[in-house]
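Chains here go by letter, A, B, C, D, E and F, matching the order in which they are written, and residues are numbered from 1 within each.
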Amino acid sequence: MALQRLIEYDDAAAEVRAVYDDILATRKTDYINNFWKALANDPAGLKRTWESIKQIMAPGALDPLTKEMIYIAVSVTNQCTYCIASHTDSAHGKGMTDEMFHELMAVVGMANETNRLAAGYQVEIDARYKVT
Amino acid sequence: MALQRLIEYDDAAAEVRAVYDDILATRKTDYINNFWKALANDPAGLKRTWESIKQIMAPGALDPLTKEMIYIAVSVTNQCTYCIASHTDSAHGKGMTDEMFHELMAVVGMANETNRLAAGYQVEIDARYKVT
Amino acid sequence: MALQRLIEYDDAAAEVRAVYDDILATRKTDYINNFWKALANDPAGLKRTWESIKQIMAPGALDPLTKEMIYIAVSVTNQCTYCIASHTDSAHGKGMTDEMFHELMAVVGMANETNRLAAGYQVEIDARYKVT
Amino acid sequence: MALQRLIEYDDAAAEVRAVYDDILATRKTDYINNFWKALANDPAGLKRTWESIKQIMAPGALDPLTKEMIYIAVSVTNQCTYCIASHTDSAHGKGMTDEMFHELMAVVGMANETNRLAAGYQVEIDARYKVT
Amino acid sequence: MALQRLIEYDDAAAEVRAVYDDILATRKTDYINNFWKALANDPAGLKRTWESIKQIMAPGALDPLTKEMIYIAVSVTNQCTYCIASHTDSAHGKGMTDEMFHELMAVVGMANETNRLAAGYQVEIDARYKVT
Amino acid sequence: MALQRLIEYDDAAAEVRAVYDDILATRKTDYINNFWKALANDPAGLKRTWESIKQIMAPGALDPLTKEMIYIAVSVTNQCTYCIASHTDSAHGKGMTDEMFHELMAVVGMANETNRLAAGYQVEIDARYKVT
């Protein structure tokens, strides 16, 4: 058994192909990336995950590029190499410049640093930040 | 010894007070939050950390609110309760609406989910994402 | 010096070989995986780690397959590629079906998502969950 | 503004109340926990998250208690105090005994340990674990 | 049932009391901290964990204070508030000065920052670091 | 565009070359590792990061080898493969023996284990550890 067998469009069952079609149409692309081809081994999981992502990443109060950069921030913090590669590619496709990428990395790095300083110094939450 | 003894402005040595003054001026506020008051136990660390944050969080290719939201994304991923509270407060101060916050949380949650799906399914990086 | 030099059975000192023999007997296998061969560079650490794992992974109130799936859940959350590969292999050997694996991944993904929503929304623990 | 304002049933809009009703019916309980009441500030997110969890946590190839224990394994690994408290409560409600909980903790602890040994010793993945 | 019921010395069964006695003797103290009292709900886990820690934290090629600081570095990185509090206390007891603590925090913060820069910039491992 | 394009000394702009020169002089080496060559795509970030690291890793209350081992402890906990490789190399260069490395790994592994036991058992912080 191959865990990460990638399900190609031509080999996909109808329910998987329907998700692939929606990905291609929504993203205006002709490329299905490996993440979806691996997840397609679980058609119900593929459909649920895609529909959530489709809803979450759509333009809203935040624009799609900002959402991609947030995705990168999380993926870098978690050391997810696949996700870093794929979302950095997506962000460039949505207009992220090198300068924006460098600033994004600087913020992500700094946040990871100060998260630990706050923990290590056991800083108590300021009264004014407390929600009542 | 009190680890997290908070150094108040009036009790601070000159080098600490200089950093506090710069924080107050840069942020146009009259409030120094506990993170800095705790870090002030290490004046060199306080100065280095503040100068890095000041440089990194300044307006640039990314606007200050986007940077705050990226800070929140990292802090939430790391479960840093202090940082979540303080940066959520800052982001609201810079114009984050409730709707923006909800979308931010949705992206952070989803990214944390798919980071693990990519890892668990051992998805190989697509050739097109590889940097050469 | 080779950090991860793998100590093969035939090259192993008596104390390492004794651990290898116990691994082979306990697991009813003829294969020592690389994790143990690397750890064998520290014979005391090898022995301590193996004895803990042997005790912890033995059948008890939880069956061995459930324990393997919990191991995978942690390894995926931590993005430990070696551990994901080896424990997924072990779990398949203990009867994990593809369907079980897909459900396992779905739960791990969802838990990683809601862990962040709970943190980001700063949800207070319900009084009824508090242990007194 | 109160970030984590908890939306009570009686104050909830119709779309939130519909989710609450489904939670109460599905879980055969009369209690909505704080996580949902906080998430209810984002009705679309509440609905999406609940529907995913409902689908994922339903009985399938894995039984509901096994799924709860996997949820705990992830939450403990991520240090999510809210999630640890709520899912430990749920697991006890589904039949987790103290002995099962102790074994669960032992596996989670051990996995977190060996995840780091595998990383620190830079152990290469065994050829036999590689998916082709 | 109280999950974290703390087992006091006077209420402890013989096997738990034997571990407590060894902790008190090894650490030359008259205080058992809450971690052990909680773990005592699982006597086998208590014994196994204590014996591993006793072996690992003993003086060796690294002195006990260095080991405590490494423990703090990990605990801060993982945001484990209990562990940060207890091991910082232990480290002070073993001679950690405020200056050492500040340098420790600075290194931990910086490492957490550059860990993410290395991931985000997708830096390839230098040939000379590769173990052969 | 190549994200991780490595900027070689001969191709570097004056401000990048100045940082490289300082790295070479401070570390008494003739080798710039890939981390810096990648970061050099952001000259301001390169300079800020190097100056912070230079200050933090200098001999102080903690010696440089202890600091490298703390760096490794964090990198292993975060599963940062690049950082594990480069800092393990640095630590060996500063005198870390195999025995020290094994003890370091043992402490890092154990801390990652007990961090989760403390979280999972929801251990309350002992009154004596609380800072007032």
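Just so we're on the same page, a contact is a pair of C-beta atoms (placed from the backbone, for glycine too) under 8 Å apart; a residue touches a chain by one contact, two chains touch by 3 or more.
This one's a predicted model, so the numbers in the text were calculated from it and none came from an experiment.
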item: Given chain C and chain D, the chains that contact each of them; value: A, B, E, F
item: Partner chains shared by chain E and chain F (touch criterion as defined above); value: A, B, C, D
item: Chain E against chain D, contact positions shared by both copies (same if over half, else different); value: different
item: Which of B-E and D-F has more C-beta pairs touching across its chains; value: D-F
item: Distance from the mean Cα position of chain D to that of chain A, given in whole angstrom; value: 21
item: Averaged-CA centre spacing for the pair chain D and chain B, given as whole angstrom; value: 27
item: For chain E, residues contacting two or more additional chains; value: 3-4, 41, 44-45, 48-49, 52, 56, 77-81, 85, 88, 102, 104-106, 108-110, 112-115, 117, 119, 121-122, 131
item: Contact graph of the chains (line, ring, star, complete, other); value: complete
item: Residue ranges of chain F in contact with chain C within the complex; value: 79, 88, 92, 98, 101-102, 105-106, 109, 122
item: Residues of chain D defined as touching chain A within the complex; value: 2-5, 44, 48, 52, 55-56, 131-132
item: List of chain F residues in touch with chain E within their complex; value: 3-4, 31, 33-35, 38-39, 41, 45, 49, 52-53, 56-57, 60-62, 66-67, 69-71, 73-75, 77-78, 80-83, 85-86, 88-89, 97, 99-100, 102-104, 106-108, 110-115, 117-119, 121-126, 128-130
item: For the chain C and chain F complex, residues of the former touching the latter; value: 1, 3, 41-42, 44-45, 48-49, 78-80, 131
item: Touch list for chain B against partner chain C, complex; value: 72, 76-77, 79, 81, 84-85, 88, 104-105, 108-110, 112-117, 119-122
